[in-house]
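Given below, in the form of structure tokens, are the structures.
Two complexes come next, and they have one chain in common, chain A, joined by chain B in the first and chain C in the second.
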Partner chain A sequence: MKNKAYIIAASAISAQEPFSRMEDFAALPAEGVFVPCKDPDFKQYINPMAGRRMSGILKRSIAVSKHALSECGIACPDAIITGTGNGCVSDTEAFLTKMVEDGESMLNPSKFICSTPNTIGSQIAISLGCKGFNSTHVDDRFAMEGALQDCLFLLQKGSVKNVLLCTADQMTEGLYRMLNVEGLWKGIPVSEGACAFVLSSSPEGAFAVVEDMVQTRSNPEWELDRMLSSNGLNRDDIDLTVMPEDYKKYCGEFLSASAFGLFCCCQALKNNGARRILLSGESSIGHSYILLSGICTN
Partner chain B sequence: MHRQIAITGAGIISALGVGLEQTYRHLVDGICPIAPLKHLSTSHSDLPCGEVDLSDSQLYDLCREDKGRVISRSSLLGIVAARQAEEDAGLIPGTRVALISGTTVGGMDITERYFKEFGKNPDFSQLIRLHLNGVSTDFIADALSCDVAYTDVISTACSAAANAIAFGAELILSGEYDIVIAGGTECLTKYHLNGFNSLMILDSNPCRPFDASRKGLNLGEGAAFIVMESKKHADMRGARVRALLSGWGNACDAYHQTASSPDGRGALAAMQAALDVAGLSPSDIDYVNAHGTGTENNDLSEGVALMTLFGDKMPYVGSTKCFTGHATSAAGALEAVISILCIQNRFIPANLRFETKDPGLNFCPVTENLKDVQLRHVMSNSFGFGGNDSSLIFSSACSI
Partner chain C sequence: MDTLKLKTQIIDALNLEELKPEDINDDAPLFGPDGLGLDSIDALELIVLLEKNYGIKLTDPAKAKGVFASVATMASFIEENK
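On to the complex of A and B.
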């Protein structure tokens, strides 16, 4: 049970209506198009003065984090851990385009400052005044999974009581054009999104439990069985296995889309009471499995 | 002390050279390799940097990689250092390990080279994939003789490698992995050279950390990795223990995206957290390998935090960025390996070019090489943009 944590809040900004629930989701168009995020009214979450200097990914990350925190009534978490596959793409693209097209002089630092992936976590920290542990995981295939593992370690150590996990990735028209030259996403809508979860070491207010997780580049079957058996389980104990295609029809393709999968699992566990779900992730280099269960309320 | 992690292997490539021996010799000789750029193609080549004095082509040769395959310089540097580390630790090929790397620029050198071709020329467009941090780390994982069953990449700007080492330590304590190879890699790119230049924090002369007249930092590049395992596991396989990782701490300054708070509260909290994990008190620290970039803001903020933590019992303090330049996301790994070399050789390198004490600080850094000095515990600081502050504590293998 070393990898256990309670989920007390989950929010998502995606191509679906802002902060909507699973029962209201509509499948995105199946052809390979870019479907942008549907953003909430950021004024509720971000001071408009500060928001003017922020790219979409930063605004989404702060808004979704504050939405999740308000759901569980926490003003400031003990720690913030971010997962992002490609970081602050629009600011990176803007600085790079200027440098490549206009040469290496008279460059404005503001885009550069906001272009590092950890800008997301640090801007959330600044907006919440959170001085605790703060880290950012950027393995593009498993950014959410790396960040979630970090959350579990932190809670397990007992140095914090709760952690905000925020994931975010964005797509720009320019990047879409650059990437799509090879028809990279045949039949899959390309999108973007930000998700936030509040994890706690205590079951109070929880609607789901992360029982354990494993991520591996080799021997996925062996690693899955090892994880299950270390929790006294076998594959028959899994009620539902959620695969990437199960949720990507609602959120589209983006690097940290598995966080949206985790959001869907949270919704399913909240609605149906105690069940055991395996969130399965797959990439060109490996597999991840997150074992989740519901909370028995009676 | 039950949380101690044994460090059984190390590898490094930086402006100081290739490998532990060369790095140590150049530190002892006090040779400063900071110089105008030779290999990075930029209109700012007059800016002094801590560049690895090998062309991409020479790095391919060093890595025995096929030049027909496009590989980021970050990956090439990482391959050199990570291979040294696994060899140094005497790991048997096929050993199941996790690889944790800290990087921010990743494959940006390839991205900026082919940026105009992306979306137009299909031959080059696929290279945009190399920009991704996971992909650039795969090249390192695939080049190792160990079975890399797990990879993760951490990007907290200039503290990335320190956080990668801390995350690696947690992986070992969790029992998930017996052996973790952790560190970081970062090559110089036009992108971040211009970024730092636009912020006007680059010194046009070799940097002078902690000096009252300091004018900024010099960028650097390199990679370093360490092999970590539990003390028990290291003893069981009879591995030589170079040093121990006994503490790691992380806190956020939450003050400003690029500036450190005047009281260095994030730095102080990170150092205190590392001491808490190690079960040590400030008086146990014999040397602080400071973040010490040479910018006015960092050195004052870090210095104030050091004064708050250590009071009038300041240990030896110095920055080795006067040798390596600031290798951004790899800095924490380079300085981890340098700290280990210091502990093993009972040596502290001089903080070069320091002349005048900062009026805001009550201490001077080490101005001359110190030899035969007892180093039980060394603290290594890494602070990043966005206030991502981390501190690691390395201890002598004889300290327990």
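On to the complex of A and C.
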């Protein structure tokens, strides 16, 4: 059976204007500079009483998820799958700092609860009243790819008709300082962001298809050709290959930035008439390729 | 005891940014729809508040409901146990 899913909604909160389209994107300033997210008015998406414990990453994840769901008219998805590189860093920092300040004698309950990466998916579920399948992938730069693969498996299995895929990462002063010491910012600005996609097993309302994907720790060229071949394609059939540097100039560097790349691909397939796109990703441990195609909605 | 100080501590501990101490009635219920609408995580935060600010450990969970009924009951409990 094909490893395939239809995309019926895509949304992003990034250093660009909230929920803006690709044609309105502007390149971010110079490398190494931290450019924070431009957040929407969270009160439109989150009850203030519920939001009082939430850090930026949680608010962004809920807001972008609700924005994507409203785009396709789904109030509550059948499943929620989350991908994050570092999880809720600011809550983790606050929790650990408090614990040290208090001589490790007592926990700060709210920060402790919010510090785990799967808080993101849980808070989205609570906010939507979704009691369906819920899982979280924490995998450095491949968190989105792992979460997307999980979505494809779930839809392929047939136990759900649609899945909300949410990715999120945040930058804090402490994390920025630590990573800066390691000299990780090369040629691109540093940022943060959250993206959401609604995937469906049905083509109804879809504007793009995830035709296939592959993650590999070795022989990326061979794996790419194998994936294309298994779909009856070769490299000449790809209209556009999107590399990390193509979208990171708009969203900056953060671990789940490839989700913003997927968002850009969705925009290109939906509005700019591209037919077949290969989203290429890489990390220190491997490569990923996501094969996408457009659906004519006219 | 000074309930104004206690209300400020509650607002800080629970991130009730939209509230001022004078908005909280001493006898209004802290939990449930008729009062501040606090939840179980807030109850944990209040337990930490008592220990951290007043050195009082709430060791009997059965007492929590009565202690955290309102700002007034919390103040009385602090007076009796500090």
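Here, the second predicted complex is superposed on the first by the 285 of 298 C-alpha atoms of A that agree within 3 Å, B and C clash if a C-alpha of one lies under 4 Å from a C-alpha of the other, contacts with A are read in each partner's own complex, and residues count from 1 in each chain.
As a working rule, a residue touches a chain if its C-beta (ideal position, glycine included) is under 8 Å from a C-beta of that chain, and two chains touch if they have at least 3 such contacts.
In this text, all values refer to a predicted model and were calculated from it rather than measured experimentally.
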When both partners are placed on the shared chain, which of chain B and chain C touches more of chain A: B
Once chain A of both complexes is superposed, is A:I285 in touch with chain B (first), chain C (second), both, or neither? first
Identify the partner contact of A:A27: answer first if only chain B is touched, second if only chain C is, both if each is, neither if none is. neither
Look at A:G121 in the shared chain and tell me whether it touches chain B only, chain C only, both, or neither; answer first, second, both or neither. first
Which partner chains sit in contact with A:D102 here, chain B, chain C, both or neither? Use first/second/both/neither. second
What is the contact status of A:I113 with respect to chain B (first) and chain C (second): first, second, both, or neither? both
Touch check for A:C296: first (chain B), second (chain C), both, or neither? neither
In the overlay, answer first, second, both or neither for which of chain B and chain C A:P48 touches. second
On chain A, the footprints of chain B and chain C overlap at residues 107-109, 113
In the complex with chain B, residue positions of chain A that touch it: 2-3, 80, 85-87, 95-97, 99-100, 103-105, 107-109, 112-119, 121-123, 125-126, 128-142, 146, 149-150, 153, 156-157, 159, 177-182, 215-219, 223, 255, 285
Provide the residue numbers of chain B that touch chain A in the complex, in ascending order. 42-44, 104, 111-112, 115-116, 118-120, 122, 125-126, 128, 131-135, 137-138, 141, 147-157, 163, 167, 170-171, 174-175, 190-192, 194-195, 197-199, 250-258, 265-266, 269, 273, 384-388
Contacts from chain C onto chain A in the complex sit at residues 14-18, 37, 41, 44-45, 48, 51-52
Footprint of chain C on chain A - complex, ascending: 48-49, 52-53, 102, 106-110, 113
